[in-house]
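Structure in structure tokens, see below.
Letters are used for the chains, namely A, B, C, D, E and F, taken in the order the chains are written, and counting of residues starts over at 1 for each.
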Amino acid sequence: MLHTVNKSPLQTRDLDSCLEHLAGERLLLIEDGVYAAVAAGEASAKLRGPAAEGRVYALGPDLEARGIGHDALADGVEVVDYAGFVQLVAEHGPHQAWL
Amino acid sequence: MLHTVNKSPLQTRDLDSCLEHLAGERLLLIEDGVYAAVAAGEASAKLRGPAAEGRVYALGPDLEARGIGHDALADGVEVVDYAGFVQLVAEHGPHQAWL
Amino acid sequence: MSDEANWEDAGAVKRFMFVNRKAPHGTIYALEALEVVLISAAFDQDVSLAFLDDGVHQLRQGQDAKALGMKNFAPTFRALDDYDIDKLYVEAESLAQRGLSAEELIVPVQVVDRERMSALMAEQDVVMSF
Amino acid sequence: MSDEANWEDAGAVKRFMFVNRKAPHGTIYALEALEVVLISAAFDQDVSLAFLDDGVHQLRQGQDAKALGMKNFAPTFRALDDYDIDKLYVEAESLAQRGLSAEELIVPVQVVDRERMSALMAEQDVVMSF
Amino acid sequence: MRFAILVNEGPYQHEAADSAYHFAAAALAQGHEVSRVFFYMDGVHNANRLQEPQQDDRNIVRRWSELAEAHGTDLVVCVAAALRRGVKDEILGAGFRISGLGQLVEVGIQADRLVTFGD
Amino acid sequence: MRFAILVNEGPYQHEAADSAYHFAAAALAQGHEVSRVFFYMDGVHNANRLQEPQQDDRNIVRRWSELAEAHGTDLVVCVAAALRRGVKDEILGAGFRISGLGQLVEVGIQADRLVTFGD
């Protein structure tokens, strides 16, 4: 299963709820959800466990739009483009959007 | 100044941010914001200070729509209808919506 | 219904979960999720509903949106049983945070803990989140 | 502009604050708030902008939405000075939570603490929140 | 007292359009003036006269038109927001007009209170 | 692989409509099939052909029409959501059609993956 979160982690509880239900699955941060991946931000600590296991991704075009360089990302977060988003859904099964 | 919050307190941080900036002003809970006023809910504790001073209101039609009886409300929260909403804005000055 | 004919040809039965995480009335998401659930009944799939986070508010008794001119759709949850949709899972932690108990809900539900809810989600073929 | 003529007759000068609390690009709120600010310059009011919560993200340097086909509106903040709009208040606590410093922002701003921000809000005649 | 209202969201999706209407109606019922309602961003969809809600639901565009008819409230749709979203004169409800953002700032100056509804 | 996409929000207001488009385009570029995009709730506003964004902005309705034209993707607008919001045949973009919610459930069954974009 591939989970996506599209909201900022300091604005809504969607990321928190997703992480509470993530178990061993994968998480892709899209839209305003990518702010969670900023290492210097408060929310990035929440990603530490799954990121260390290579299960957290952030959408590149959404990072660029928001002025977040790849060097600013928390350890273990992998950047993918839309092609990578498609591959993640294809490989890891049903999509669950935490809207 | 009259502040309004229209989001659920367990979904977004809008109520938190509003309360952090409320100072001595008044707060009216509308739309999904009214869930904050439910005494049994986790969020109602945050309202305690301003509610005790009679500065917290909840919109009656929005409570009814959501099945929240007046007896379920936290102490000090005053229920107003739309006429009361209009009066609050008229008497207490500029409106600030915490969208 | 031609839709039905199509999928019956395919013979597929999938596990569909409708995930409800939003409060009713503030947005139309909750109401429209229920519309899809009702339609899905015609397709004889393995349908379940999950209520967590603010989605549990959808099941509160006594909702009355008349004064707002909006629809009272909560009673429609009672009709799901007639469509053989009876897997309604409600997360215990979400209820507790909101001071709600299962007895206060408009329909009988299965209360599950967060771990069980995660496991149920992971078993699905299709998840529609609202 | 007939709009201008009308208010000039009234002779009113009001304190207008535009409160920005949302991140850019995910919704159009941030972009459209800036549009109102630019228009307001033509009305010679006492205009200020407040950035708090996720609104501070609007001022990040290096935003590039080209790959999304969306507008890069952040550089427009640099034009505000030409319109004599120079009261940009940014909340220190909001920056800190997001790991941002004032030096990383696209324009010079006044960093204020939460208490000062509350006081500034309370001084306004009109607050437009986005 | 003279009120102005800003509506940032479209009909049916968010409660904002309902809240704005009920506020306006209540202000008028108390004898206040509601000089202008400004529809911005997705708020412009409020003005689409092609809306055909189900029988048991409210008709949001008609409700605004009737309010304007009864009380002379100026219903202004932001031209840039409307063009972008395809809300054109040919589908505009009665009592609405399309104009510039200056109409929002202007009424912010002229009205005693500006009340905002959005998401 | 066969993808289906659900779009719950309108154009320009939320990024959801953009994300859905970029996902669809990327899937097609990889040789996958995108058999249907279903527009639900405010998503129906994506189909309004009267949209006239500014010169330097993307044209969301045209982008969908071109995608359908090039790849045969079925663009389905929910009839109930569209009626309520005034999205009628007379303002429908090329390649879109109005139909029932059954089309969403059907494609959820038929497609290998259903991907949802909303707010």
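Methods note: a residue touches a chain if its C-beta (ideal position, glycine included) is under 8 Å from a C-beta of that chain, and two chains touch if they have at least 3 such contacts.
Here's who's who by UniProt: A, B = Sulfurtransferase complex subunit TusB; E, F = Sulfurtransferase complex subunit TusD.
None of the values given here were measured: they were computed from a predicted structure.
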Can you tell me the C-alpha superposition angle of chain C onto chain D, nearest 5°? 180
Between C-E and B-D, which chain pair is linked by more C-beta pairs in contact? B-D
Among the chains, which has its CA centre at the largest distance from chain A's? E
Please name the chain that ends up farthest from chain B once chain centres are defined by their CA atoms averaged. F
Note: chain F sits from chain C at a C-alpha centroid distance in Å of 24
Euclidean distance of C-alpha centroids - chain B vs chain C, Å: 28
Could you list the positions in chain C whose residues touch two or more of the other chains? 22, 25-29, 53, 68, 70, 126-127, 129-130
Junction residues of chain A, two or more chains touched: 6, 10-11, 13, 31-32, 61-62, 94-95, 97, 99
Residue list for chain F, restricted to those that touch at least two other chains: 8, 12-13, 15, 22, 41, 57, 80, 114, 116, 118-119
Determine the shape of the graph in which chains are vertices and touching pairs are edges (line, ring, star, complete, other). other
Within the complex, chain F is touched by chain C residues 1, 3-4, 6-7, 10, 12, 14, 16, 27-29, 32, 35-36, 39-40, 42-43, 45, 126-130
Please give the residue numbers of chain E that touch chain F in the complex, ascending. 10-13, 41-42, 45, 48-54, 57, 61, 80, 83-88, 90-91
Contact set on chain F toward chain A in their complex: 1, 3, 8, 15-16, 19, 22-23, 25-27, 29-30, 32, 112-119
Under the definition above, what is the set of chain A residues touching chain B in their complex? 10-13
What residues of chain A sit close enough to touch chain D in their complex? 6-8, 10-11, 31-32, 35, 38-42, 60-62, 64-69
